[in-house]
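In what comes next, chain A is part of two complexes: it sits with chain B in the first one and with chain C in the second one.
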Partner chain A sequence: MNDKPKTGLFAYPTAAIFCLTSIFWMMIATFLGLLGATLLIAPDLTEGIGWLTFGRVRPAHVNLVLFGFVTPGLLAAAFYYIPKLLRTDLFSEKLGILSAGVWNLMLVAAMVTLLAGQTQAREYAELIWSVDMMVILSFILVIINFVLTVKHRKEPILFVSVWYAGAAVVLTATTFALGNVVWRPDSGALTGIPDAILLWFYGHNIFGLLLTPLSIGVAYYVVPKVCKAPLYSHTLSLVGFWSLIVVYTHIGTHHLLQVPVPTWLKVISIVDSVAMVIPVSVFLINIWYTAKSKLGEIHADIGGKFVFTGTIMYFFVSIQGSIMALPQVQRVTHFNNWVVGHAHIGVLGFSGMITLGGLYYILPRITGRPIYSRLLADFQYWLVLIGVTGFAIVLTVVGLIQGNSWLNGETVHRIIPQIHLYYVIRAALGLMIFTGAVIGMYNFVRTLFYNPEETS
Partner chain B sequence: MYFPYFMIYIGIGFAISLLVFLWALKRGQFKDQERARFLPLEDEPEPAKVTVTKFNRIEGYALIFLAIAGLSATVAVLVFSFFSG
Partner chain C sequence: MMKMTPKAIFIGSLIILAAVVFVVVYMPWSTMDDTPSEIFRSRSKIEAQGRKLYKANGCVYCHSQSIRTIDWGLGAHRIAQSGDYVEDRPILLGSARTGPDLSQQGGEHPDDWHMAHFFNPRFTSPYSIMPTFSFLGMDNITLLTHYIQSLGLKEADVRMERQRYWKQKAIEAYESGPEENIKWLHNHVPQPWRELPNPYPTSEAGLARGHKVYQDFCAGCHSPIGDGMGPAQPWIYPPPFNFTILKDREISGGILYYQIMNGITGTAMPYFKKHLESEKIWEVGNFVAVYFINQSDANTEPRGIDASWEP
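On to the complex of A and B.
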């Protein structure tokens, strides 16, 4: 490592910019989520404002949570911990800053185009071709920086977090290009069933091969640091990593069990969905044993607290994921709000919590200043936690009402009055999460720019 | 014709994974695992003592309550799925 200062924004500019990117876009993304939830109970709220109709707000919310809040936040942590674990500097901070710049341009383009109605109309792959290319370029820039940092490392062994972060960006670059059918710029799609198959391989892998490995990588770094204890087993963590790579890549078709896709593909997706208990158990056993008897330390560190809670959410969402892949369960849970609840536990409860934990962990270390307000950070923690747990409960209730109604042949419009109350509660919970995002933004900005206190 | 795209998708992922795995094997990434456990802790200062306050305990109970509530929702789905209709 060279002699540059080890704290301060200029010591870790890439991590700092990705950190700000995440916390800013969390605010925008959760606002759009809140707006979408409000439109479900007051559809006329934005009447006459085309770019704020539900059909545009919803994909903007989803894409900005995915690429604006969670991914950049997890990358911010990775840009911090990868050089630390490899005992070297980031290959190029300039390249990192450039990648963060391209990333933010892409996010602006994504929001503008989606709200303007420019969409390829494929769930989770709505972005138009030009924005798709910006996403791919962003990932390529990050990959170059990661790979060359690994190449110039002074520590020969790659800690498991480095494996997870590297795999996430490399596999996602591939997944994204193929899943968005970038060789067909006009439609960004194949036709018929093959398109559905490819789309859901992408749709599930964007969670399984991007958010999951990035989140696990952060947890594997933060939990031992916070607990001041070695990882329970590094061998076990590598077993988990490789089993995730093998198992998670094939489960997307469990979204299509009611669709005439080949049976063998459905069988693979169901078997591998259940087999996900292997990498999930391996990770959770490893992390929880590392934290055994250290819950006081976890509790004392706001970053550790967010991350540890994220691991508990991972337990919940993984149980759900394996169970919902069973056809007998899916006949009730599919095509209704149960899936929405599941997605929120995964993206916000698991990845989002770990994102915030990673950001709160690295923030004092990259700035050399304490978090501006631990109270506000705790407040944000509880707002997000109650919000996402509330989502899980309310959307499960709504999902069961809808799922059983569909089974009984009920029509959609007859169910709406029954679920209206739950939609109101959902919007209220969304307001809590948006409030948490605003509080987080304030806390981060104060810590970064208006907090002269130096750590010892 | 779903096969070409499916095979490309799986094939590329498999090829990358296999190449990286072989590289890791050749470079001894699966050796010295005991030392690897400690990698995040290098230069770590001594842990500060943490005191558990009454508020910490209340917070703990609140967390357990939320966890039970979330788990109950999942159990409800199973019950409805397997025993309704």
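On to the complex of A and C.
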């Protein structure tokens, strides 16, 4: 590893700022989620306040979770592990700080525009053109830094985490521009059914080419480190990486199985959705065999604990996703809360857990100080874990009630009172997750700025 | 063993992405038939303005515009075709039905129902968890209503024509006084229904169930005491019916059933046959008859052979 050990608050400023970015926006984003969940049980709560109406809060929640909490958190870890793995310094901390600054400006702009009703109304591609440009600029600044760090590396061999981080930012910058139809600034859309096909190609690749590879990159770094064991198999790493990129990019149309799109495209999406078991199981075998008989070490490291839990969630969400792509299953699950539950297992349970794990892993290492409170970190772990597991259960139950009732000929309107109770439980679980986010913020700020152990 | 160089990672993955985009995005885009369907027409300027408000306020997150072969609910009479969307930029298929699908919403209700519903959805639909849109102001709510009434395109136009035609008739009838109005309403119920009493006996349990259905579906317009002064009343014309004036005016169980089942097109009274099964319609009808009209023909002749459950 690096010859001169670097610690201290300003040794890894880019990683530190992305770390704070993530933990701060997690708080904002989960609050908006909680607000949205509350509006479903108390719809008149924000009566008369247009910018807090459900239809604006929801996209703000989703976009800030994706681009405010998860992505910057996973990038923070990458900004730490890429130089470490390449035995060099980050190409430019100044550029890194600039990219974090642009990133946060973009997030403020995203929140303000979405709550103001400035939207292109395409799920996951809501941001208006000017904010799209800020997203792309943010990614380009990160890409430059990653690529030039790789170029100036002293370690010839690229570890698997570097592949994933590098591919994630490059492929996402590309699919983001494509999916947001940036060559049409007014609408940011194609016309008719092809717009839906492009939208879900892009939308699913936010998970497939951004969150998943960045999360896997962190897991590949953190798990062997925490276990003090070499990665189980380089061959599996290779198979997992290339199969992920080939298979994941084909499956977006499984969102459109009940829509008049070409049948051959639906078949491709279903076949590849099932084929997702290949990259998923290859990665999980690799990680779990690395951690075999080392669960004590995992449990001892709070970062490792979050990350490992994230890999278990990855197992569940991926198997569920493959099953959900089957047309017979989708007759029940489409258009209802089952899918919302699935999204939360993926983004919060898998990517979100690994984000928090990555942050907790790097925080003591970039500051040279221990985490302010392991107890609070564990408390946050349980709040998030219970919250997201509860979401999975409650939203799946609601989805089954909705889907089966509709198939049985009951109207959407008539099911609303039946699912009210579950919406109440869902909001309560949302409060747990938001509380976890606040506790995390407190723990991080104390670690960074007010840690009493440093002065003693 | 493959060597993972920076070139292999960055250029290799981009080449794969390009190939996949060609197959799963470009090929369907370039080969899909974009012939308009038989119901297609372009949107008017005012409808397009309403659509902007629909987008800006995130209606798409709770309302799909995509009817499937397996659907029974609102709009289920027409399965979506790709030719319905040929000018939609962006397409607003939606991914959730927190509220009903709106593909064929145009002409389901007259404009005044929508105004009341946008101002506060609970006025017309007590179960609803939709946000209030009073913050948009009346001008914008009017634009939004124009858009909603265009959903279904040419089929919506047919329904809107019907709504306007019967709205005018209903207003004429209402303004000619209660006697004429009731006569007009009765004349549009088919004769066999008018002569049909409620075939089932009144029971405490049945009235309690009818009460619940009334509160959940009817009270927003007709009010908890049946006088037509529910919270939606100020928005609706002709106003919601006052049941308390109906005594000795030959209201049969069949008339109540028919009006609840079929609605009164042109007025804000929707049809409830999608929401309520037969038994619920009989029971809410009998609740109205017993409590508000104070006169029920339940279980009177002719009623056919008694159903097997009757005591």
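In the analysis below, the second predicted complex is superposed on the first by the 447 of 456 C-alpha atoms of A that agree within 3 Å, B and C clash if a C-alpha of one lies under 4 Å from a C-alpha of the other, contacts with A are read in each partner's own complex, and residues count from 1 in each chain.
In this text, contacts are C-beta pairs under 8 Å (C-beta built on N, C-alpha and C of every residue); 3 or more make two chains touch, one makes a residue touch a chain.
The shown structure was predicted, so the numbers you read here are calculated from the model rather than taken from an experiment.
Peer 1: After the chain A overlay, clash or fit between chain B and chain C?
Peer 2: After superposition on chain A, which the two structures share, chain B runs into chain C.
Peer 1: Give one of first, second, both or neither to describe whether A:Thr435 is in contact with chain B, with chain C, with both, or with none.
Peer 2: neither
Peer 1: I'd like to know which partner A:Gly50 touches here: chain B for first, chain C for second, both or neither.
Peer 2: After superposing on A, A:Gly50 lies in contact with chain C but is clear of chain B.
Peer 1: Quick one: classify A:Ser373 as touching chain B (first), chain C (second), both or neither.
Peer 2: Neither partner.
Peer 1: Considering only touches as defined above, state whether A:Ser281 meets chain B (first), chain C (second), both or neither.
Peer 2: After superposing on A, A:Ser281 lies clear of both chain B and chain C.
Peer 1: Who does A:Val150 touch here: chain B (first), chain C (second), both, or neither?
Peer 2: second
Peer 1: So in the superposed three-chain picture, is A:Thr235 touching just chain B, just chain C, both, or none of them (first/second/both/neither)?
Peer 2: Both: A:Thr235 reaches chain B and chain C.
Peer 1: Under the stated touch criterion, which partner chain does A:Thr119 make contact with: chain B (first), chain C (second), both, or neither?
Peer 2: second
Peer 1: Applying the document's definition of touch, where does A:Arg414 land relative to chain B and chain C: first, second, both, or neither?
Peer 2: second
Peer 1: Who does A:Leu158 touch here: chain B (first), chain C (second), both, or neither?
Peer 2: A:Leu158: touches chain B and chain C.
Peer 1: Pick out the shared contact residues on chain A: the ones touching chain B in one complex and chain C in the other.
Peer 2: After superposing on chain A, chain A residues 158, 160, 167, 170-171, 174-175, 178, 190, 193-194, 197-198, 201, 234-235, 238, 242, 245-246, 249-250, 261-262, 265, 331, 407 contact both chain B and chain C.
Peer 1: Which of the residues in chain A come into contact with chain B in the complex?
Peer 2: Residues in contact with chain B: 81, 84-85, 87, 155-161, 167, 170-171, 174-175, 178-179, 190, 193-194, 197-198, 201, 220-221, 224-225, 228-235, 238, 242, 245-246, 249-250, 261-262, 265, 296-297, 299-300, 309, 312, 316, 319-320, 323, 328-329, 331-333, 338, 341, 345, 385-386, 389, 392-393, 396-397, 399-400, 403-404, 407-408.
Peer 1: Per the contact definition, I'd like the list of chain C residues that touch chain A in the complex.
Peer 2: 1-2, 4-6, 9-10, 13-14, 16-17, 20-21, 23-25, 27-29, 31-32, 34, 54-62, 64, 66, 68-74, 80-82, 85-101, 120-122, 125, 127-136, 216, 274-275
Peer 1: Chain A touches which residues of chain B in the complex?
Peer 2: Where chain B meets chain A, its residues are 1-2, 5-6, 8-10, 12-13, 16-17, 20-21, 24, 27-30, 32-42, 44, 46-48, 50, 52, 56, 59, 63, 66-67, 69-74, 76-78, 80-82, 84-85.
Peer 1: Along chain A, where are the residues that touch chain C in the complex?
Peer 2: Residues of chain A touching chain C: 39-41, 43-44, 46-50, 53-56, 58-59, 117-123, 147, 150-151, 158, 160, 162-163, 166-167, 170-171, 174-175, 178, 187-199, 201, 209, 234-235, 238, 242, 245-246, 249-250, 252-253, 255-256, 258-262, 265, 268-269, 331, 334-337, 339-340, 402, 406-407, 409-414, 416-417.
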